[in-house]
């Protein structure tokens, strides 16, 4: 049994982490905090009534250190980098769900998050928490930068290709569609039911802060400098991301061969499922789960590979993957508490 | 051609009025204002691009008076009663979509809207804008209090019964369900897609400010003091209200007879449709229209009459009825601009 | 470990049972069948890919008997009563999710299900599977009639009142609202997204086959003959039922007293949660769970008690309650596999 | 006044055409038919109650010819080509909303619609009903092939580029998202609310029958052979199509220049609106209207132009455009009956 805390429990990622951790057989949730609301957790999240008597407090680092061995940070970016060094110095493990420790360069961070990074030392040490790529490093890490939701689907969908055939890629376009919970829990006309329901639109076209994260980790995989064209859209659903990824290739490979490459790459992965050829992934098959499902199609001239990847943005795209990371860091079964 | 202005054009009722008025053959929209946003109307409501070059201004009474003959007030309650006397004094006609002039007593107003009423003179003079009941008065009115959305469906559903058989009614329960646009256009976690979609709940149980409005006009119809039990719910749809109304009766009347009573009562009404016996009204049949549809059912022992009424809360429940009132006040065909 | 089978696994109740049973630590799912589709379960329900290798077969009683100790029947009514006697005779336990064994009279069954009942012997022996009322009987039963979705919410919402104050009840109106999964998984224009989304309507007004089931078990509780007025509506959501129940009373009791009565009645129940006074239950708090949440309100004159109950129709209203029943029948912890 | 008939009035396109025509000041609807349902139109479409007394009959060519001057065919493909020659021979004008007369080659038709084309003569004579490109031809046509929904958004979004800069285009990818009404009104598990709501998926990836239609008319515009990569997706909304179109260019042009090219191209078009630079189109701005809205974005290296186009699939993508075509064919104001 490990003692675990969640900072930022009033948001959707924090709630999802809490819900999963309350069911986790190896974990005791000993601390929960949020700065915009306090009180009984079952008042903040009535779903939890009867499941926990824990209260949500204003964040206090001493209390967190005193009660926990590992902390999930489900707070906005810039808040994480203020708290993280304190927790690490006190010997805690930290899994950060914000964007603060994902980009490995302060310059890039400043460019995309519009803030100076104040914890360069840990920025360098943080391990990117994508188990399929960095499992061994995660196992030894004290600070894990949990991947963004869009990057999780993008990188998992592209990893086998980037790792095995980086030289034949001419360009990559990612047409991404996300449910509204990805935007967080906040008062906003733009996120209101009357505006979102029945609507659909692109936003931050070719200009989203997750693009450099995708580029960074794809480039590590390929050993080259890759730059994707990333266009996100807002889906009128609460949960889930589907990305349709168009890869232009300068070499002709059969679709069956691609399928084999992907199958081998993910052969032993518990949370990546490859769809049969001729079938397409669907959001509903992964909503509420930690799976990433991937399907493949190829143009008749074999020059355009169409990869479709789906995840639940709050599970594999946030809290689910965070718990998967915790399991690896703590030596638990990797799927524990995630079914 | 009449020159018309809309105050409060940034909300859903104001927008719906504007959309209808831009298509109205007898109207020129000459003024639009809102206090929380200004600029091109087609920036505020991109749907209107190419349809109007009007700008939205901060409210200025002189400008309104100078440019208009009739004003629609689609503003929050308490704001209306500040503006209305000025417009009336300047000789304009006013149709007020807020709750300020519906209850005829300052005491009741204070009780339910938690504010002192500051325009008692006009409160007494205002005509309740339900054409099916007060057409002749509306034709002569300079101030029309446009009915609330819930009261419109409730009163139309009950009027034939109240007017013809007030003595056999033992109790009335109104189980009302409304789409989210009824709550207005505002930044609110509770109205966000992630909270509303897939959800359903009752609110202000037996304690909604529309209950006294319903009671007042039903009592006028029946010549008795009626008090309904009113329970509203929030539907995960954008548009529409359905009310299921349970009337306990102490006299046994055949369902066919009730149907005949209702058919006669609404025989010449252009915007009330009575469903055939054995069929039930549906939200989708009235969404985007000014119709109120009504269906009837009766328990085997004939002691419980179940009346189901539907409207679009923004049309017959707000802006549509307001334009119907304008048509009557100005001597236009009553259905002009409402198809 | 008990060996369990599901008959009718291609419907939503069958799927939900399967999903829950695959995670249940005391159960091995050894048989799955459906008559309208066969093959890999993970082809029929792609969500299950990677979680089971079981195939779905056409129903064969010998195969079922050979492989299972307990069977869940998630089949249409009339199909259950053909299969059940065979399974019981072979010594299996049966939990029937259809309506075949809920009404205790062949006459009533014929009236509401429009079919002659062909298994009168077991109809008499079947235990109604509502643990909060019949836990001891369920523990000894070999055939459990799992309650209908509407009756589950209705009876749990009314039980404390019926059991303690039957004499002061004058009338009961149940205004029920259900998500579409309650109608099953079938090809139907009326259930299509284009017809349901954005829509709302009442159906089978005062004429739904769940009404006699509600009346039967309420009457057992009260020791009197109770007849509710039941009006169901179709909500544009996939999961969940909310019932707003209006009880006319001829005696004045404080709301606090009612709250205490309810709290005591459900004090030790793991799956019934009473909402604090002043708060209202919401669908989203129970969706995906086995909870029934209940809230109470009272009119100013204390003559109308408004009880609001919510469940997930596929969990507490079907498969979840079925697993709760299995746990009781098999001596497992009652909440095992239901969190 | 022209006498008009609709064949296939029980589907969504047929209904939308009927709804628009009933409001059209120059039209009298004199005939309505459907082969799967007959009776009062206001029984089939309760929305129309009080608006028409017309009945829907089984299709009879003599009756159609006798009562109408112009017919809208809103029937499945293959049905149109059986009826059309008879109507044309009798001197009627025909606007066909099916796919039967869009592709100009019997070979292509056979390939994509899997049926032999039986009316080659009219296939050659039919005019493609996209007013923005073929207004003059439409004015003289007796048979108009109304464009498909996906092609309407695709061709309008690409036309200015294809017409002015065909030589710099390297490749075109169309990532299209459509609401469910595009699939028609039919009983289908896949189209049910429980399957569609909250879901999202791609289908017919690189293999949709609208791709050759897009290729044909883009190639006419460019004077070259263009082949797009077309991937449609199913959105959980009822109405609307958004297409995100990625065009790889081999020449660098400023975004402002592209914006000017588009603005000039559509300068006088009543139903195409160009979004300001920096803004993105949204589904809700066109739902229920005949508009096509277009927005433009460009990658930093100017090599990827991202065009986003939206229409309502039932208006500009079907019935609305059909009425626009009728207006042109009959010499009415082009926007008559479309606001």
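Some notes on this structure:
Should a chain be cited, it is by its letter among A, B, C and D, assigned in written order, with residues numbered from 1 in that chain.
The rule we apply is simple: a residue touches a chain if its C-beta (ideal position, glycine included) is under 8 Å from a C-beta of that chain, and two chains touch if they have at least 3 such contacts.
For clarity, every value in this text was computed on a predicted model and none was experimentally measured.
Looking at A-D and C-D, the interface holding more C-beta pairs in contact is that of A-D.
Using mean Cα coordinates as chain centres, the one most removed from subunit A is B. For this pair, subunit A with subunit C, the centres built from the Cα atoms lie 37 Å apart. Between subunit A and subunit D, the centres computed from C-alpha atoms are 39 Å apart. Per-chain CA centroids place subunit C at a distance of 46 Å from subunit D. Residue positions of subunit B with contacts to 2 or more other chains are 195, 197-198, 236-238, 282, 284. Against subunit A, in their complex, subunit C makes its touches with residues 23, 46-47, 49-51, 198, 270, 273, 275, 279, 282, 284-286, 288-289, 291, 293, 339. Within the complex formed with subunit A, the residues of subunit B that make contact are 12, 180-181, 185-189, 191-198, 236-238. Interface residues of subunit B, counted against subunit C in their complex, comprise 171, 173, 175, 177, 195, 197-203, 205-206, 229, 231, 233, 235-240, 242, 244, 246, 248, 280-284, 287, 297-300, 304, 306, 308.
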